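Listed below are the structures to be examined.
The same chain A turns up in both complexes below, where it pairs with chain B and then with chain C.
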Partner chain A sequence: MPVAVAQDETKDVKKEHVLLPFLQTQSQNTLTRLYQRPSSCLSIFRLLSALERQIIMNLLWLESAISVSTMAAWVVREARPLYDNALATLARLHILPQSTVKLALNPTFKTSFRQALTGGGTSSSFGVPAGEGHDKAQDGIPTDRDGRKDDKRNAPSLNTLDSYAIERWETILHYMVGSGNGRRPPEPSPGVRFLLKTSGLMNEFHGSLQISSTGFQFLLHSPHEQLWHLLLQYLHLAEQRRMDLVDVLSFLFMLSTMELGREYTVANLTKTQSAMLEDLRDYGLIWQRKQSSRRFSPTRLSTTLTSCSPSLPNATGTSSGPQEGFIVLETNYRIYAYTDNPLQTAVLGLFASLKCRFPNLVIGSITRESVKKALSNGITADQIIAYLITHAHPNMRKNNPMLPVTVQDQIRLWELEKNRLKSQEGYLYTAFASQADYELVLNYAKELDVVLWENAAKRCFFGSAEGHSNIKGFIERRTMGQK
Partner chain B sequence: MKAIKGILLTCDPAVKQILLAMDEKQKFIIDNLDDYHIVIKADDEYRVRLELEAELEKNTWTLE
Partner chain C sequence: MSSSSHLSVVLDLSPSQWHLSSLSDTTSSPPCSLSLPAFLSQLIVFLNAHMASQHENSLAVFGAFPGKRHVCDSLVMLYASSDAVEHATPITVDANSYPPFKLLDTSLVQAIAAELDALSTSHADPSPLAPALVGALTKALCYVNRVSFSPSSTTTTTAQPSRDGQSPQSDVTDPRILILSVSPDLSTSYIPIMNAIFSAQKLVRYDPLSLLTLIFQLHPQKVTIDACQIYGAETVFLQQAAHLTGGSYLHLERRDALLQYLLMTFLSPPSIRKVLAVPTQDRIDFRAACFCHKNIVDIGFVCSVCLSIFCKPVPVCSTCRTKFPYKTVQRLKALGAPMAANAESARPSPSATPQPGTPLPDVISRSRTTSGVLPPGHPARNGGGLPSMARSASAFNPSS
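Now for the complex of A and B:
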């Protein structure tokens, strides 16, 4: 564990998964209930960093607790902060309770996770496939004719699932992009629109939804990040709606461990989870033949929730363009995008001015105006550059540096140009009677950390607006005291 | 001792010179602190920003 981990961890510059901070804010009770489900344990394990995973694996098969000093002896001194950090994260997740003497995994987590790895148990937390065994048990229950017919059909093909997921997901993104340039693409369901509004990705404007600056930034992220961003909002919403968070989370985790292309029965779902089916169908996470269907299939969006494989298939034959790189950027600011996907074209149009469009190619250029427009929408230069890098054409990847430096620098310069003027509201304090007076008030303001600018020679300083009432009070108290 | 409400603008010297020139047409500067800082009337900020942008825009050219 010692040296290998240290190296592993320094290479692993990826920041922690967005879900983890949310989980850490949950109570121990909620988390322990969540850990009763093996699929949740496995999913959370997959979201953790390499070092945290290794610590768990080291402790998982130990029957008794290990003393803290024994464990610490494995760690080289330089890696100590990383190790402490990992322990702190695990403690906040209540996986590894903080202790100064012995280290032992949360017993619930330990049992469930062992079960997840070795199989067995009857918790069916990984979902119950439809059409095997379990359906026979239900045969006794009379169902409507549709339900019966439904059961006899074959599971959907991967293609059906993929194109469904893509269609749903791109409808959402398209709706966001389209709202910015006045075009009206097909609207997603009210539930999705509500989520977009409450998450602040879109703002209500004259009765219709308009994309916000966070929404623009959202568009440049990878599908995986976008999905989690929305799901996180969904979780917050679920809390407000008083849905059982454990049910919601465990359903998401269950989906993430399911097998693509397989049908599962809805019979084992709790009430909350059945209600979630509709929402998740709207996001493209779940496919159902009919709303009333007693089976559902996870799509690739949901089965990759906790893995690092791409959330959307790169299979062609669907409307989606190539998933790996498709953008070529030249030193003369010209941009060539090999794509036929209207969504990718629209996202590109956020920061580039497009000139011509061919069946498989879009040509445009990055201009001052186009970048200024993007900046005024709240997109930052770094986001544009990051987007260009992640979607760079394989041929571009042979270059070092990948993007032409001139273009990168220019985009950053354009951003600086926009920020030539920084303004801060506040009060200018001048005309102090004596140097002592000046210093006294200045020191007080400094303690409050509200001084934005000072000049001892001129005997004046500028304090932010928040500090004014305090400073005013301070001076008044002093003058009162002198009288 | 005196406290004057205003907005502290932090900018580069070039922009400050433009602001000084604009101030000659219509007063808005409360105090000229140093090369990088200037205090202006709070109500004028929006107008000053617009005018400054128009002024800076004169110094850029596009290929199109």
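Now for the complex of A and C:
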């Protein structure tokens, strides 16, 4: 799966991370418990904007509270709204309590984050690595032969981890894409299917799951956004399942600070976290040799959770995509996609009609029908264009503008076409006795500005619903007067 | 989340200066001595803070050691986040610290300890060689150039993922260099420092996005140089370096509060400095060093052909061999003597501007310190202490 390139990153500067609104809805108690773990503090810190990070850093090593005016003295006048915004965000996260007099970081956050930067402490929040012999000393159960054998094996190679993560992740995406066009790809585990259903990405339809319009939009996002979208749904689900949210979140954050290619022991996990292992294994965030294994390794998907770098490597595994962009779009609406990845082909098939397929090349074209099909699935024209731009071939990037204007405009026009008809409720007034009567009523209606359509030859006009009572009254008064 | 930033740190590790710094300062009322170990522990927290800000942030640390035989020996790259794979010291991961931080801390401390040990064994005779700060600065610039401007870095780096599996980010947006100095100015290094500043100003960036409009369009992108004088007197050259590259210069008043200074002033990338202001210099010392004796001069004489600076009128320019008319040299010599005396007497007052009545057709005179707010036409504004200064006046006219 190729990943979002520069464009997405520049967009991200403005955009708040999806997790932050969720965290802001949590109670102070929950957040404070979360901040007890240095790894959570570090991960949340990384999700914040650059300005918020700098404010935290300025206050982190101060022992006493600093007055609001002193802190504000550092702010450039024009940027004052930005600064106030940042303070408000931090206050909602209960990192920096709102105050009109003195500013001081949440003491729990301050202690933990200091510990994260300096190391030390006994929180074990960065994951306990599975050391040689270390396990046996701790929980040496002699009957567990599998575990013993497991200990002797070496940690998985990076390639194993990457291909595992890709395989898991693409299975989910394949399942979503495949459900739309009738093919039956291999099914992911029931847990994943349940999550897809509850998140609204897929709907149950005649006993089988069908992709929904939000699901189609989901497919066009970058893998990083997709992952967070799913994890956010997972967090909501965890709330419903009455799992301890602090445990869930701190486990995710712990994963994000772990080292790729190292094995960690499951001995120190809480009950909730052990239960999560299975789910996260299904999503490809965690690798385990066996279900009963007492060790686990984070994959690249989880170690890049708090970064904006590519979450999936491209050059490994069997179902590999090209390194960077692969789509060439010509002014004659033809699409050349240099890929052999079935998933990319399937995503492309959402809005283009594919003509030929070669070992490393797929040729198709963007037609009115293909785009209308995509639009009816709930995909917007902007999403199609954004996808094409994100995955454009390097040679395409030399063009200015990158995509042919004709094609861009046409896709937008096709979207407008869908909105050609506009319905409005109203009343049709017909069978006027004379032309004079007709004109009188019509003029009255025009004064009220409720006429939507008129035809003098047929002596009828159409008025909107809100004007009906007035017109009706007017006609009744007229007929009463004539009598 | 925003794009990553690169920070190169140049450490001045002169043992004698650090020894002086560790001695308690009796003159100031709060005792604020700062020893090298204390400095390192604060520095490491600062470096961790930089790495914490963003997953992709990169870091390189260079050490400048004094008094080695060859200049190449005296500057050592102590740590680089992207090269950590090759000569990584094996660390034991424990559950209480973030592995990348631990890797950084251990390898940095080990590298410094090894260098200092080598210094004490190999270097028995105390020759008064100054630290190779310029060399380290130049090396840092080369490194910035390598990490941020190689167009093929995306393809080469993904092939060999580094230790934590992250390919180093190719698009570094705002490379910065932070110089932490404890040594006084070394006037012999004036020319190399100025050259380094100019390269920092002019470093060009191969920008993949600009390909949209023009193939191989080059975006001028500055490297910001920040400087912090931790111990000793103000340094003229570092002030100029920071000023000319849009960085920040700080002369520490309270050395024990180093970490807070570092975090508030030098951690924020340029984009944040537009919102949260950082301390700026209100007075910058723009004096230059002469080419003949390497003295820092208040009044200099500039060759009108090659813009070399001399502290005394000379008949032949030592750089470009231009001959100056005998008469002019005589006149300047006569003029130079009272001028120099004037400048000497005026030195205590910081606003030693030349007397308005004195005719100064051929001599450059600069006030010792210049206010930080410069008029738009001021030569120092136009980017370059040395050449622009010479542009304003021509001292010698060639004999032709």
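Keep this in mind: the second predicted complex is superposed on the first by the 395 of 483 C-alpha atoms of A that agree within 3 Å, B and C clash if a C-alpha of one lies under 4 Å from a C-alpha of the other, contacts with A are read in each partner's own complex, and residues count from 1 in each chain.
Heads up, the rule we're going with is that contacts are C-beta pairs under 8 Å (C-beta built on N, C-alpha and C of every residue); 3 or more make two chains touch, one makes a residue touch a chain.
Source: prediction; values computed, not measured.
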item: First, second, both or neither for A:370, with chain B first and chain C second; value: neither
item: Partner chain in contact with A:112 - chain B first, chain C second, else both or neither; value: neither
item: Which superposed partner A:408 touches (first chain B, second chain C, both, neither); value: neither
item: Dominant toucher of chain A (residue count), chain B or chain C; value: C
item: Partner chain in contact with A:126 - chain B first, chain C second, else both or neither; value: second
item: Interface residues, chain B side, partner chain A - complex; value: 1-12, 15, 30-31, 33-34, 37, 39, 42, 45, 49, 52, 56, 60, 62-64
item: Chain C partner contacts - residues on chain A that touch it in the complex; value: 6, 9-10, 12-13, 17, 38-39, 42, 45-47, 49-51, 53-55, 57-58, 60-62, 74-76, 79, 82-83, 115-129, 158, 257-262, 268, 300, 303-304, 306-309, 313-315, 323-324, 397-402
item: Touch list for chain A against partner chain B, complex; value: 367-369, 417, 420-433, 437, 441, 452-453, 455, 458, 460, 462, 468, 471-472, 475
item: Chain A-facing residues of chain C, complex; value: 1-3, 45, 48-49, 52-56, 93-99, 101-102, 105, 154-155, 158-159, 161, 163-167, 169, 171, 208-209, 211-213, 215, 259-260, 263-264, 267-269, 271-272, 274-277
